[in-house]
């Protein structure tokens, strides 16, 4: 017996998905930029290839990262992925070893039992059957978790689970059907022939006692094939596309390809690599505090794939970066979101899985008038020579205590500084950039750059992490950019600023744009522990929370913002600190509205502790009072 | 104690005062010029800011003032009030003489006669009505214009007869803004597809829950607020009302066709109050309401010993304030009697 | 529309108007554009009603247009007016009747100013004495000429030969009344019926058989605006104002417009021509325009005066449609007849012939 | 610099016209000028009541104050008893006294009004006289007016007028003694001074604008101010 | 027109009935808090752009509400989206999103690109 009609659905599905993947890969490769093509070629013959294989094994099959964050969820993913992989691998070997010929058609391996129903009689065959049953049981255990997760996400330790569309449901059902139908098909066949191991054999012989196994076996072989075929055909329309695509992602990433700022092959590959595992939803404060469960990265990826309303989803995000950091697939979620924001409504060039080949543009081209500047009204640039520039930022003007504190610190440190936006300056441009309006942002960047550049300053200090990030990343000003916490740290280190030690207990809230956004974690803590008793929380470092006031989100309403802020302050003030410290005017305002605890910027705390005796500017480190106290 | 108090006016203030006085063991005569007690609350459908049925408040007042110690005389207005030694003699229009040891004046207010703002055409154009007329429509349960159809667009004019030198009322009537908002919401409840526009000079929502009601009108009901005093209203050939107003926040004149224009009539000294002031020697202020002895701590006290004020006869007040003020008047009466007994 | 409501308003604005012995003061604009109206006023008062009306040969403009064109200071205008009062005082009259609404408004404003600021009146007396040696008494009664016709509207109706009724349908004519802004807008109590629902013309229309039409832009200015018309560059504003009125009254299908101000009838008449020239839009029924009259012209017509004696041939918008509706007899060939041998016709008519 | 608010207060009409304004906009709502010009009487009253010298000076030099047609509808309606129209008149008076009127296109037109109406008053005793209302300057008066103007002697006689005649009557000649009295009144009360100021400031402006300036109405400057409309007055 | 030396002025009254209110409706639909504006001017007072030019979000909000779209259309781009107004607003109007949506709406309904 070499063929039976029931294998047709499986064959159609399999060849379809294989051809599809190949075609897709060719188009993707064609769309890559020249440097990226070179990177890929270099990667293929270099270390990246080996690295990728290792990573594919660790991540795509074993799901190491999910296992690390969430053991049950990781097991679920691992059993399905790794188990299936083993099933195919050993199935193929089995078919190769035990059937009449070598190099069989793929269906021979998949439906091995049907074509070799008597298999499993010798000792070696029995052992092999035992292994195959064991693998199947391994998969079925993961499947059980997956089914339960559908009904209660708590089973796998998740707060929320992703919501599904119709095609998703059909694909999911077909996926779920695959392994039970295989189990039953093999069991019935084994029952009839008295073969099979602990799972299929036992189940089969028991079922055979009261059911017409022979007839039923054939039905389930059909079901098994149909399930597989359906699943393969629906694959490109569903999240399960991530299974093959993730392999490419890993390889591309290891070859050094980055997301960039426009839709391209890599961003598409990343989008299709999302398995909708939902870890990003769990990390998202919009979900946990504000009950918004439709905008998280996995929904964004899905919306992009399905060509749904991406625009509103893309803008309803705090851009805090918590999801980005936790994505087990390592998708660059924030850059992809920024691409969507930049491309705007109806302007996206993202291809849907089918339609993309026709490159349809639904919206007619707009009459653009980019030559006309948006901010032509800005006055002549005023600048002044100084060593250090202080750029408070728009938000800092709403928290005058911070800017006054900074002026006090500059003065105490006898710094030759110029307060650039003392009379209300021009926005740094990051809010526009976050809204996807890069051209407009560029105008402001150019305007501010000239002021900074002409002042001849060697250092630019800013109080606002939002400004800090854009100054660091998008300005070319020839001056070192420091957030005020970094700057204060330096003043302390070089002895320019002498501070008293207050015995107040302080908890530090790390602003997203400063911590995760710019990697500044240590300086604020150093400064704080220098002047106060710093208390640790579970939200220190990269795990910090977003205050909710983020300018990254343009859609969220005040009520939701307040809910987030309330939850954050509740967490951070659980240990009853005297002061909730932060290093961002926006965080300060947002948190201060949500708690009775005093909220202060580090600059304010420092300014309040400036010692009356200030040394002249010198490089010699000076002991502070705490150190003196410790010595004596 | 056996003392006898006459309360003039059986509106909210009068009924509250009478009820409280009788609870303190006093004999009370409650005079009302209309045929029934209740005053303006009888004409109102629901009350701001909680939109409670006005009948509930009326029932409370009727219960409170249904006491054998209280003699209610309806259809009786006071013609003369004269002092005789330590008591007063009141003569009613029916010629009846009543002796009183103390008098509580609770003559209330009159709604501004909207036809006096000629430019709005009240009494001339069919579809220009007053806030009180609208309450009648609410009571009837059907909001219709002269053609018998439901209005599509309704305009509400604030400050009709208030803050207006032209009609001699410099003061703010205080309640019209919140009444306008309340009525706007009620219109939207009846006619969800209609558009409601409030034309205001300043939104004076200075009572408990007033601002919240204003916000609800904006947020939930989509009532439009246009800052500007309506300059004039006129009628088109198909019975629509054209209003001219400056949208002062946009800095541009605005003209709009409206199906029904509601005038938020302000509050004025009542006719009965004016008559009483003229015959009794009770002092009135520049705003024509009774002038109390002191704005801060003597608002119930008149220039005549033993005569006390309760409620809106001294200034515009809402129901809550009126009731409080009436209770305060009772306290003053009791203190007056206990001082005189000493 | 409820008429009782209007009547209630009218009843609140009653105005005292003298009965006889009028000191008549002419209007600059009316003498130029509606000479027949002033002639008719005097004819009606003297010949029909038998009143004593005196006109001083030395009275001048009140300078009102200059005043509202802001080139004549208030003090100067007040002194010019004081001189007019002095002429009246010298002639032994007390009831001052200006033909012009701008004058009427200016007199009212001046008398009110003197009432509130007696020191101003004192200063003006000094000025007048210094400039002319004259002294004056303020008028005992100040009434606009239309007030006087309003007062005698019933007497005129009693002697009327025609009524404002469409002789073919028997329906009253639909009449738009346009009141000069300065009649009562500044001082509502000085106008018959007040500022919002002036009764001065409405009373005549009702008494003489017509029906008053109340349309939304009834109170809108004709657009003269003094400097707005006087300077060519600003006339677009003037015509726009009148256009707004025409657009607003058009749905009411008015048969005629009647006015009591010198400028308004001229503008409402001429702008119809201009709008037609610029936009090709002709108001009125059958595209023949809406005839515009002064109240004296209407009174004269009702009393049976010859239309061409009243000066209706000076109107740009033809009056004949209304004359025909009422059934007034007139001779078409006499329209452009003059006393001399000259029998020319306006150019546009010549072209048509 | 002089306090402009105090100077305005010297004008009796200003004192009458300005109580406290609460910016209700009722004046603008009814104002014909606000309907067609970029004009808001409410804002003007608000500026003068601010007593800010700088703002008032800007106002006196602006186009703003020249849009009003002085219909006084605003006075009828103001709930605070203000008369924005009277305030405008006071502002216009001061603008002319200080020579600010030539700073705006509409303000410069004062010369045209002075040359036509103003001179007619002193020369004829009438604000306007038929001889001066030429069809050439008044095309909007239409063809009938051309006929009237051409046949004015006969027509006025036919209608019972007294064209340039002695004694009372329509368009009679005002006696010279009367005109002398008028002139004397203008002299005593500051009317002539106003005329002279309009002339001298206009002459200065004409030189500044490089336009020929002469007496009468047949010169470049007059023609310019009479006809120019830069189109920026409406929106 | 040359004949008379002037043209008939056009009215500048807000014509509520004929104005295009799609922009307003679009914003309301996507950002209902826009309805809560009481035109207090807090947004304009704190505005970074308003510091340099005559730009008033309060005015733009009102004009868009009335369907007077010409000024907002050309003026919206002056906004730097810095977000101060949103923090200031006493009625919790998401002013930043209002600007954002308004731009979106002009793009959608008027094919106007910023």
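Going by the order they are written in, the chains are A, B, C, D and E; count residues from 1 in each one.
In the analysis below, a residue touches a chain if its C-beta (ideal position, glycine included) is under 8 Å from a C-beta of that chain, and two chains touch if they have at least 3 such contacts.
Owing to the predicted nature of the structure, the values given are computational and were not obtained by experimental measurement.
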**Message:** Going by the touch criterion stated earlier, list every chain that contacts subunit C and also contacts subunit D.
**Reply:** B, E
**Message:** Quick check on the contact graph: shortest path length from subunit B to subunit C, in steps?
**Reply:** 1
**Item:** Distance-maximising chain from subunit C - centres being C-alpha averages
**Value:** A
**Request:** Specify the chain most distant from subunit D by Cα centroid.
**Result:** A
**Prompt:** Considering A-E alongside C-E, which chain pair is linked by more C-beta pairs in contact?
**Reply:** A-E
**Message:** Of the chains shown, whose Cα centre falls closest to the middle of all protein Cα atoms?
**Reply:** E
**Request:** Calculate how many whole Å lie between the centre of subunit A and the centre of subunit D, each centre taken as the average of the chain's C-alpha atoms.
**Result:** 73
**Asked** So how far apart, in whole Å, are subunit D and subunit E when each is placed at the average of its C-alpha atoms?
**Response** 37
**Prompt:** subunit B to subunit E: how many Å between their CA centres?
**Reply:** 40
**Request:** Could you please state the distance in Å, as a whole number, between where the Cα atoms of subunit B are centred and where those of subunit D are centred?
**Result:** 49
**Fill in**
Among all residues of subunit B, those touching at least two other chains are 119, 227, 232, 247, 251-254
**Item:** Interface hub residues of subunit E, defined as touching at least two other chains
**Value:** 3-6, 9-13, 33
**Asked** Hey, what residues on subunit D touch two or more of the other chains?
**Response** 30, 34-37, 76, 140, 227, 229
**Which pairs of chains touch, using the document's own definition** = A-E, B-C, B-D, B-E, C-D, C-E, D-E
**Asked** Where on subunit D is subunit B touching in the complex?
**Response** 19, 22-31, 34-35, 40, 42-43, 76-81
**Message:** Give the list of subunit C residues in touch with subunit B in this complex.
**Reply:** 1-2, 4-6, 8-9, 194-197, 214-219, 251-252
**Message:** Could you list, by residue number, the parts of subunit A that touch subunit E in their complex?
**Reply:** 312, 315, 344-345, 364, 366-370, 374-375, 377-379, 394-395, 397-398, 423-427, 429, 431-432, 435, 437, 440, 444, 549, 551, 554-559, 586, 589
**Asked** Within the complex, which stretch of subunit E touches subunit A?
**Response** 30, 33, 46, 48-49, 51-53, 55, 77-78, 80-84, 87-88, 92, 94, 96-97, 100, 104, 107-108, 111-114
**Complete:** Contacts from subunit C onto subunit E in the complex sit at residues 232-237, 239-240, 243-244, 274-275, 277-279
